[in-house]
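Pasting the structures here.
Shared chain: chain A. Partners: chain B in the first complex, chain C in the second.
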Partner chain A sequence: MSTSVEAVRDAPAKPAATRQPLSDRAKAERRLGFWLAGPAFIIMLAVTAYPILLALWESLFKYRLTAPADREFVGLGNYATILSDGLFWRDLGVTVLITIITVVIELILGFALALVMNSALKAVRGWLRTAILVPYGIITVVSAFAWFYAFDINSGYINSWFAWVPGIDSDLNWFADTWTALSVIMASEIWKTTPFISLLLLAGLAQVPGELTEAAEVDGATWWQRMSKVIIPNMKAAIMVAVLFRALDAFRIFDNVYIMTNGAYGTEVLSLLAYRTSITRLEIGMGSAVSVLLFICVIIICFIAIKLFKVDLSGARGGK
Partner chain B sequence: MPKDARYVGRTRKGVRAASGAVLALAATLLTGCGTDEGAAPTLTWYINPDAGGQAELAQQCTEASGGAYTIETSLLPNDAASQREQLARRLAAGDKSMDIMSLDPPNVPEYAEPGYLAPVPEDVAARTTEGVLEGALEGAKWKDKVVAVPFWANTQILWYRKSVAAAAGLDMTQPVTWDQVIDAAQSQDKYIGVQGARAESMTVWVNALVASAGGEIVENPDAPADELKLGLDSKAGKQAADVVSTIGKEGLGGPGLPTQTENTSMIQFQGDQGSFMVNYPFVWPATNASVEEGALPASLIDDIGWALYPAMNEGEDTAPPLGGINLGVGSNSQHPDLAFEAIECIVSPENQAQYFTTNGNPPSNEEAYEAPGIAETFPMAPTIRDSLELAVPRPQTPYYNEISTGIQQTWTPPSEVNPDTTPAESQKFIVEVLRGEKLL
Partner chain C sequence: MKSSPAKRRTIWTIISIVVVLYALFPVASILATSFKLPSDLTSGTFLPTNWSWSNYEQILVGDAQGLFLSSLRNSIGICLIATFIAVVLATLCAYAIARLDFPGKKLVLTTALGVSIFPVISIVTPLFNLWRNIGLYDTWPGLIIPYLSLTLPISIWTLAAFFRQIPWELEQAAQVDGATTWQAFRKAIVPLAAPGVFTTAIIAFFIAWNDFVYGISLTSTEAARPVPAALAFFTGASQFEEPTGAISAAAIIVTIPVVVLVLAFQRQIVSGLTQGAVKG
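Coming up: the complex of A and B.
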């Protein structure tokens, strides 16, 4: 009985033609694997699956933390309210805009930095990498405060330093207008996380076989041709990982917006809406519904990224 | 079979070992948590950040109790909204450590309605509210019952630069109106200090304007959410919007107005463009400290005057904003009697006077204003006391947060406020939010 169960369990992993009974050693290793991975798996379930399922359940109620007696089952009512409200779509639009603009700029800048780091002299390579990574080492809240104080109309120095730039003067209140505020928020995001992308791309760049670029060079390929026909196609997996990680990160942006504008004047993002609804308003039901929608958006981003780049990550790991 | 036996043996040994460990841990924990027979209970006081005054009072009252209790303070977050969130979460979770809490007046109904606050014994209520200024007392009530003990009260007054008022020909010995303040600042090409940021301070301003014009933001504050009647869409609401809009559109609040809070408006007032400002009494010690540090000229102190908050209509009373802190006891506290005993000690007029002179927070008790040293430290104390008599609390309803956030979103930036449409739009939006039909 147990043998047949194991055989069924093994079926998808091995082709039928090569199926063989597991040796005692293999079984023992498998058991050890379960024991070693089991606790981590249970902890993962506790810290991810449980909150997600709880949020799903809570989102079906009209429930305010300071009015526990008024708790009422409303089914999908909270979702209907959210999806029919312009505020949700505006916040989603702002979030998507921040995600697209920051990821595209970071990708371009990050690639340029990766090229610089890759071709820098060995003597300065270590220093260069450290210098480039400094912004990424700063805690997001700290960098958000630094950017806020730099641009703030009362305490900031940007207006006086850049008064020679058209459109900037001592009366410019960066955080009182949607576009200027979003520009500062996005700039701080780009400044902080470009090093992360550049590091991922540098790893991808290092994996491109030197023979390929040399062969292309010998064949008379220009710099751009080598880049577009040889290097970038061979870095697809690294680019995908960089884009996916950063897109997810950017979509969940919170700290910068919270510190600089607290969502005022058209700068609110989805995670801030979820926070305000759950934590500030203490509307647990509605807040959970916003969080579930945010979660669904994140899954969609993952799906799109994997489909768009058509990269088989299991292949990259040597799974096949 | 022998393999199974070994396995079972190992399991039994494991179970025994685990049971032993759990028992040992439980014994350790119980020993650690246990209190000695007869030891004084420890009361936890959740305080809002200050200059150390509440911790000092906790120490004094611990000593004064003669060993009946020990008060330990636990610091809440910086801003009022975060303080409210933490207290609400702890109270909802049934935290037994909520012995004494420093509560912002507009949040009192939200805790009182679901029964999160222990009832104030009648004798305690009678003793601690005797001589309390009218505005401060209103902020400690829910459904006409005292549910928290007034500790210190805060109010906004009108600060002005004597030189600007004189140049504008404004007689500051008489009550002034918003129109007069606006005209004076405009004639001198100066900025008016108001709080136009999308924050709680905007609700404070709008509430004071509406109340000064004889209106009410909420007409039936103790009604359920979907039955609340708002009074924003009214003549008073329009007058309030007119003031906000004029200051915003005419640029009278300065370029920083849309992000201006109490602190930033004070900094603007201290500068060359300062003229008039509505703000709390903290302005006085803060300005004096800056002058002492040499950051501001000494002549500034002599140029600063104070008066009651501007009225909306000439000849009518003003309705200044009310703030401060009340003390409440959590309904899950294990020592409510001792907590109320401690509160009586904390809010004694002597302690309120001490707190005023050392931390700059005005007393809620009229008697405390007569204490020695107050007149020297706060020459404007009589104005503050008169202001507290006239002060009107923000809407005392469990749904204050929704109403406040709704106002913040619809009345900012001030330059986009339209007296003909904003009050009505604001009211419609808040009502829809309260009915659960709209996101906030």
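Coming up: the complex of A and C.
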């Protein structure tokens, strides 16, 4: 097999390797490696690569489940329809807006939480960590309902609590206006996922060498200087990973929006558009095209992150 | 400019209370709602004026019982099976990555990363059509298979990070001391690997338990609809009544076991989440 040929070619380049290349033992090890890792690899491809290829294919057809006989090949026609529709661009704008605002707030809040946990007294540290894991453990749908009922004009108590704030009175219907509805949606998203970001940042903080901070303190650096010159630069990798993963997550936002407004009053996001097109309206061809466009957006975000911020994902996420 | 210990303690107490309030408030909010009578729902207060178990009765023994209990059964069954399959496959895979020398290790990890950033909704559309054609729509396997796209990648990453930290030399040491290969593996490695596998199982289960998109898209009846989807499609005792109380009660019932799990295994969960993501 070609793999063993490669092993022979590679062998002289690696004088440090003590194991004999191409020995029966090495071959057996490779075989075992393929057998053990193979099933997981194949299943991952089967559950994602296969469906997305299927979506690519189906997106080229005009195909409604309600009229299967009318199925016809339209090439990139579905894409042209979507990209020339203002609705798509508005939904994209809402999605990007939600992504940017939530990630920025979560980063600030998560960093503050991480600092608190990092410097808290031993006695409370465990309690704090336990408490902030609660939002992580809660189903997004449940959190969406909790926020929805709190703000809802019928069952909510927020209006009566904050009646003293200008602009809030008992008649304020949070979910009947784009901006107030988006605010509640984003607040619930931020509540739910800030703990995850703060745990990542806490792990990053733990990796900042203590001697560096101490040295800076001895040299008379202020808290702010220590933060911006020593601590943050040293945990850049953790910050970048946290930002990228949260951004990708926020871009796929669905549950909160579905529960709170179902996309009404200009709060529709891309995931919801895809869902509505294919599952509700049964337009498989058009829905597939939206799904593919969403997938392309995610790839673009990754690409920008890797190029712009030079995030080495494999390094940061534990790859060799 | 060091403050006194007493002052320090006060400041930290206040900060801790703020953080705990932040984390628990929405839970307390839905808990309070779950005890409200329908007549009390519009009172605009946080706490119910009359505490009542009627919402719990409605979903556990009353008319919403069928809907709620069947979705609970579906969620538990589907998530356990999806977690079990993912953890078994990921354990084999992560063992190979940490322990064996074979080409393609990096490819497996990169694929796992790629799968974990995949937008779920992009897979749902083609699966919806495919499942309807081959009869998997609205069945348990019809959800278990797509759930693997959620549980498998994170399991591989977390376990690979755990397994890299195991001192594999122990195995050889045990062999030198006269143990057979299998004995050495079982006595020296399995006890070290077990906590990582367990933690991974909990994290994978959470992720499956949290799914909503697959749940509402690939099911249509009580045959396979999981809890989060069932909550979204809940209707009240009567056509004209908002099911707010019943949904809140159901939400509390599905939240409590998860929160108990989190509290019981917080140390392991934190290390599992952050090792897989940051350190490696």
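Definition applied: the second predicted complex is superposed on the first by the 289 of 320 C-alpha atoms of A that agree within 3 Å, B and C clash if a C-alpha of one lies under 4 Å from a C-alpha of the other, contacts with A are read in each partner's own complex, and residues count from 1 in each chain.
The working rule: a residue touches a chain if its C-beta (ideal position, glycine included) is under 8 Å from a C-beta of that chain, and two chains touch if they have at least 3 such contacts.
Remember, it's a predicted structure, so these values are computed and weren't measured experimentally.
Chemist: Between chain B (first) and chain C (second), which does A:A264 come into contact with in this model arrangement: first, second, both, or neither?
Modeler: The answer is first: A:A264 touches chain B but not chain C.
Chemist: Answer with first, second, both or neither: which of chain B and chain C does A:N154 touch in the superposed model?
Modeler: both
Chemist: First (chain B), second (chain C), both or neither: which does A:F175 touch?
Modeler: First partner only.
Chemist: Under the stated touch criterion, which partner chain does A:L65 make contact with: chain B (first), chain C (second), both, or neither?
Modeler: After superposing on A, A:L65 lies in contact with both chain B and chain C.
Chemist: In the superposed model, which partner reaches more residues of chain A, chain B or chain C?
Modeler: C
Chemist: Examine A:I279 and indicate which partner it touches, taking first as chain B and second as chain C; both and neither are also allowed.
Modeler: Both partners, chain B and chain C.
Chemist: One more residue to check, A:A26. First (chain B), second (chain C), both or neither?
Modeler: second
Chemist: After lining up the shared chain so the two structures overlap, which partner does A:G110 touch, if you call chain B first and chain C second: first, second, both or neither?
Modeler: A:G110: touches no partner chain.
Chemist: For chain A, which residues belong to both interfaces, chain B and chain C?
Modeler: In the superposed arrangement, which is not itself an observed complex, chain A uses residues 65, 154, 170, 279, 290 for both chain B and chain C.
Chemist: If we count contacts the way the header does, which residues on chain A are in touch with chain C in the complex?
Modeler: 3, 6, 19, 26, 29-30, 32-34, 36-37, 39-41, 43-45, 47-48, 51-52, 54-55, 58, 65, 113, 116, 120-121, 124, 126-143, 145-147, 149-150, 154-157, 159-161, 170, 188, 191, 195-196, 199-200, 202-204, 207, 237-238, 241, 245, 248, 251-252, 254-255, 258-259, 270-271, 274-275, 278-279, 284, 287-288, 290-292, 294-295, 298, 302, 313-320
Chemist: Contact residues on chain A for chain B in the complex?
Modeler: Interface residues on chain A, with respect to chain B: 62, 65-69, 81-82, 85, 87-88, 152-154, 170-173, 175-176, 262, 264-265, 273, 276-277, 279-282, 286, 290.
Chemist: If we count contacts the way the header does, which residues on chain B are in touch with chain A in the complex?
Modeler: 81, 85, 88-89, 91-92, 110-111, 113-114, 116, 197-199, 255-259, 264, 267-268, 398, 401-402, 405, 412-413, 436-440
Chemist: Residues of chain C touching chain A in their complex?
Modeler: Contact set of chain C toward chain A: 8-9, 12-13, 15-16, 19-20, 22-24, 26-27, 29-30, 33, 41-42, 44-46, 89-90, 92-93, 95-97, 100-115, 117-130, 145-146, 148-149, 152-153, 156-157, 160-161, 164, 206, 209-210, 212-213, 216-217, 227-228, 231-232, 242, 244, 247-248, 251, 254-255, 258-259, 261-263, 266, 269-270, 273-280.
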